[in-house]
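What follows is chain A paired twice: with chain B in the first complex and chain C in the second.
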Partner chain A sequence: MTRRFPRPNAILQRLPLGSADLLRYAALIAVLLAIEPLFPAQYQIRLANLILVQGIAAIGVNVILGFAGLVSIALGALMALGGYTSALLMMRWGWPFPLAFLGACSLSAGVSAIVGLLGTRIKLNYFLLVTLALSQVITMVIVNEKALTGGPGGLLGVPPASILGFVVDSDPRFYVLIVPVFVLALYMAQRLRQSKAGRAMFALRLNEPAAQMSGIDVTRYRVFAMTFAGVYLGASGSLFAHLLRFLGPESFSLSLSLYLTLIVVVGGIGSNVGAAASVALVTALTQSLQSLGSWWVVIYGLVIMALLVVAPTGLAGVAASLARKAPRFVSGMRARVDRGP
Partner chain B sequence: MDLAFAAQTLLSGASAGGIYTLVAIGFGVMYRTTRVFNFAQGDFGALGAYVAFQVWVLWKQPFWLGLVCACVAVGLVAVLVERVALRPLYRLGEAYTFISTIGLGFLIKGGIQQIWGPISFSVPSVFGDRAVDILGMRVVPQVAWTLAISLLLSMAMFLLFKLTKVGTAMRAAAQDRRVSGLLGIEVNRMYGLAFFLGGALGALAGILIAPIGFMNPTLGTSLGVPGMVAALVGGLGSMPGAIVGGLLLGILQAFAVFAIDPRYRDLVVYGAFVAMIIFRPRGLFGEGPQAREV
Partner chain C sequence: MHVSTAVLEVQDVAVHFGGVMALQGVSLAIQPGEIHGLIGPNGSGKTTLLNAVSGLVPLTGGQIKLQGERIDRLATHVRVRRGLARTFQSAATFEELDLVDNVSIGFHKSDRHSFWRASVPGVHERLRMATIRRAQEYLDSVGLGPMARTIAGSLPYGQQRMLDVARAQAGEPTLLLLDEPVAGLNIGEMAQTEALIRRSREHGVTVLLVEHHMRFVMGLCDRITVLDFGLAIASGSASEIQSDPKVIEAYLGTKHR
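Entry: the complex of A and B
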């Protein structure tokens, strides 16, 4: 029996390491770590940490919304699950941080996968309600099981993260921890985008019947997307818990889900880099307009509705169209210059 | 549990179910015509309740005026939203209009909180909340009226869609936008009408539920979630489905208190929903795989 070897290109694509692409991500880590001393105060480092933590969640949301085309509002709830799992495993059962972190990721991935499994039998609208139900149930448990979770008052004294004796108890230290994790998350999501699974998800989102006719298994790839995103949301929640060292049911309310959806819409549905960039942009805007206080919910709602009408492709779409137009613009200018005034 | 008590529980459950039915029908009217799944339907209800409260209690006008003002105001808001925010999104697909209505829900919730504050109001009941003896049962007039009004309106909506020319035109617009346009149906006007009706029905549901318990900005969620579940359990866009789904849900919720910890009462709603998804994903009366007759 003869065995056909895959083309070299295909081999390269399968290798997780060794592609030249990887250098870019290494450079990104180096740059992010190098700019750390430039932050003028502790507060900016805290902000950068929050942006990176939320960036992980936003990339996860992009996989659900942008890759698989599913609208979920259990995003905050899955983060809460990750956060509480990781904190409680360390506090009540004395697990070391890396294990608790992995536990948090796998639990949210598992729950997310179950939701995805339920969601494959139904239409988009039903799926949203499943996620709403999950989100309400998780909130209910957090608020009512006071003995375990601290109830509505919140969970105080979450221990800091620590890896092999390196205790991450300050913001600069947390920054060193979060940067590689964030870049790894971005890298994996970009790999997913280019992989067979990612292309299958895009095909499903754009035209489900056609994708199905081409032999793409809807159930399989939707559950895959939900599991993948579950890991991201769980990781983000866990890191959030160990960054703030406090957990409360309000930290993961439905508005957080709206906020994350907004971020993906702003960044451009389907773009990981756009999602990551838009976290930084939206956080910077929120921080500079902090005096607006509780008006923010109103503004999020308005911005989402306006953006969908004005620029449904988001930052990524705007950037892409600029990149398309720029050469034409430059050559047009050149032609005008050649022709003379 | 003796028989009279069971009957009373049944009635109060059915009354709550009647309100869910109204929400579900408002929902169905919009979905059936425009294919927009309006996540903000419950918040339309909350907005209606607040407007009616403003006119009736704070400005001391007659109740019917508050009712009419609220229904018209919310209906117009819904028409405006459809015109400005949703119509440009139809060509992009259902997911986009859907995300937009999620934004709308938060916009209304936040707006209510800014205008009327995060506090809870207790709303007086116009039908009276002192129980009366009927056939050996203690019946609260509010409960009986709520049930009667919601059932009547649901029937009216059902007949509107089934028998009148406008109803047929709306259903046609839902089925095929382009062809109905060619046949002389003013599709955009039908869409606007569907949103007006949906908004007004939502407002009515909000006004009916406001005297039960307290009125606060999260009313929209506690109204919208069971309403959406009722619509989906009954089958999206089906009027008899909305009635059966709403009543079923309300009664189930009323009896659930005896079975499980009241703090986890809402689990029953979600449980029913998940069970329905597993065993009959298109709802009790939902459209099958093949398109239904117009």
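Entry: the complex of A and C
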């Protein structure tokens, strides 16, 4: 049989180098935007927005924990820093949203980098305590600087995001904003993973002496990972603030840090896609368990524990082993079909 | 013999861990292109000396020069940039990563595939292919080419050691430190490792290796230094070492006479 049309892969190969990958990410944006009308109600769009906002944070946490192997509990604190910075820059100083957003990303990246630098000068176990300290400091500032932050009562009337006159004041509009931002975040984190910087971070986590003996500067790549993740956590916090239009000290509690860490473990240590998928799965799980009343937390805990026992390598590990088994399964089926009944 | 031309000079190096004197003033010099063996009983300080040269333990005293320049105060990764590479006693692989990633980590310092370049479409793909091709060459050279996309942790022990050697060679070192390169290997793998070390030398690499397998050391090394209780008790060719009464007393026993 002759092939009349070239196969899609053959077309992709003829395109300039790199465009195949770009098309894939563009297709992801297109698909995510196209499914928006399928959401039955505003509530599901709100959930999708929250998933994508948290997804950005989860990818950032994956870079700290899954790439560089650093356990931080200043994750919620960095999101808080991003959220309050971006909200206050708009409310108190009248900055336009894009600049306030970039300001939030830069500030939490800077703070994260400093913590990373302090952390590398002490033993890894104490790194956790440094991040705990940062967490406490940021919470205290938020609670006590009432004039600036609204204190324990929270910050009301956070303005909506707006870009070039497009005011993002509803969930469907926010969805249009967050989808490209999320896909860009995923793209950059995937490229980090595939570059020598990503390899260096994995090397640090898996075998530090061997990494050093390969010429990897431990401090440099720990700080790099912390800075990179700082941008993601700051971005996530800022977007969260402008989605909910309200900020309180409890929005970014210590339990959010633990939740994000759990998300990365469930997604599979080191996998960006796994981290994002894990946010969606865990959100779906908590949503579907809400109807069980106060028992939902118990069942939620049990399901997560069961998941970690059954699949210790997380969603990414499950996907990888399915991908290995699928071709064998298909060829086995084909052989059976060929043999006939 | 000009001392100044030595690739590695260890001068009166002492390493103390609290009250334990792992090395108490060891000196040795390794000339370019030499395969130098370091032997001695367990606990005599062989691995400590490799760690001192690598910068993984701090010196209590003395100095270390690589190609005439002091390196003993430099961080490990800077020493690597100056031309050092090393393998570890128990194969040091990055077990979650595939072999291509493992070997690419070995040429980290000269890898052009940085994050910034990787974020540019087109440039990323070109550099990625270059990295894979380069890693493939090193894998082929140790016979692991067909396994390029396997996860390092799933390799049998002998092949993990080969991978460790490939990773170290990928750094294109002037001085290669090998910590018990043939421990736990079968005869075939041992012969392969020996061939690899000889080939490295042909490419201008100087080798310092720690090993307990005497026939391997005696057959391969140009010169040998014997450590005992943190002191160098002898240094010379294989035959000189084998007939040195101090060495026989401390380590070899009468069988090798």
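Rule of thumb we're sticking to: the second predicted complex is superposed on the first by the 287 of 341 C-alpha atoms of A that agree within 3 Å, B and C clash if a C-alpha of one lies under 4 Å from a C-alpha of the other, contacts with A are read in each partner's own complex, and residues count from 1 in each chain.
Going forward, a contact is a pair of C-beta atoms (placed from the backbone, for glycine too) under 8 Å apart; a residue touches a chain by one contact, two chains touch by 3 or more.
Given the structure is predicted, the values throughout are model-derived calculations rather than measurements.
Enquirer: Identify the partner contact of A:137: answer first if only chain B is touched, second if only chain C is, both if each is, neither if none is.
Expert: first
Enquirer: Quick one: is A:22 in contact with chain B, with chain C, with both, or with neither? Answer first, second, both or neither.
Expert: second
Enquirer: With both complexes overlaid on chain A, does A:207 touch chain B (first), chain C (second), both or neither?
Expert: So A:207 only meets chain C here.
Enquirer: Once chain A of both complexes is superposed, is A:215 in touch with chain B (first), chain C (second), both, or neither?
Expert: second
Enquirer: Tell me the contact category for A:42 with respect to chain B and chain C: first, second, both or neither.
Expert: neither
Enquirer: Looking only at contacts as defined up top, I'd like to know whether chain B or chain C touches more of chain A.
Expert: Answer, by number of touched residues of chain A: B.
Enquirer: Between chain B (first) and chain C (second), which, if any, makes contact with A:300: first, second, both or neither?
Expert: A:300 contacts chain B only, not chain C.
Enquirer: Can you name the residues of chain C that touch chain A in the complex?
Expert: 54-56, 75-77, 80-81, 84-86, 88, 92-97, 101, 104-106, 108-109, 111, 113-115, 117-126, 128, 131, 164, 167-168, 171
Enquirer: Note which residues of chain A are touching chain B in the complex, please.
Expert: Those in contact with chain B are residues 69, 71, 73, 118, 121-126, 128-130, 132-133, 136-137, 140, 144, 254-255, 258, 261-262, 265, 294-298, 300-306, 308-309, 312.
Enquirer: In their shared complex, at which residues does chain A touch chain C?
Expert: Those in contact with chain C are residues 16-19, 21-22, 188, 191-192, 194-200, 202-203, 206-207, 209-218, 224, 270.
Enquirer: For the complex, give me every residue of chain B touching chain A.
Expert: 37, 39, 84-85, 88-89, 92, 94-96, 98-100, 102-111, 113-114, 221, 225, 228-229, 232, 236, 263-264, 266-267, 269-270, 273-274, 277-278, 281
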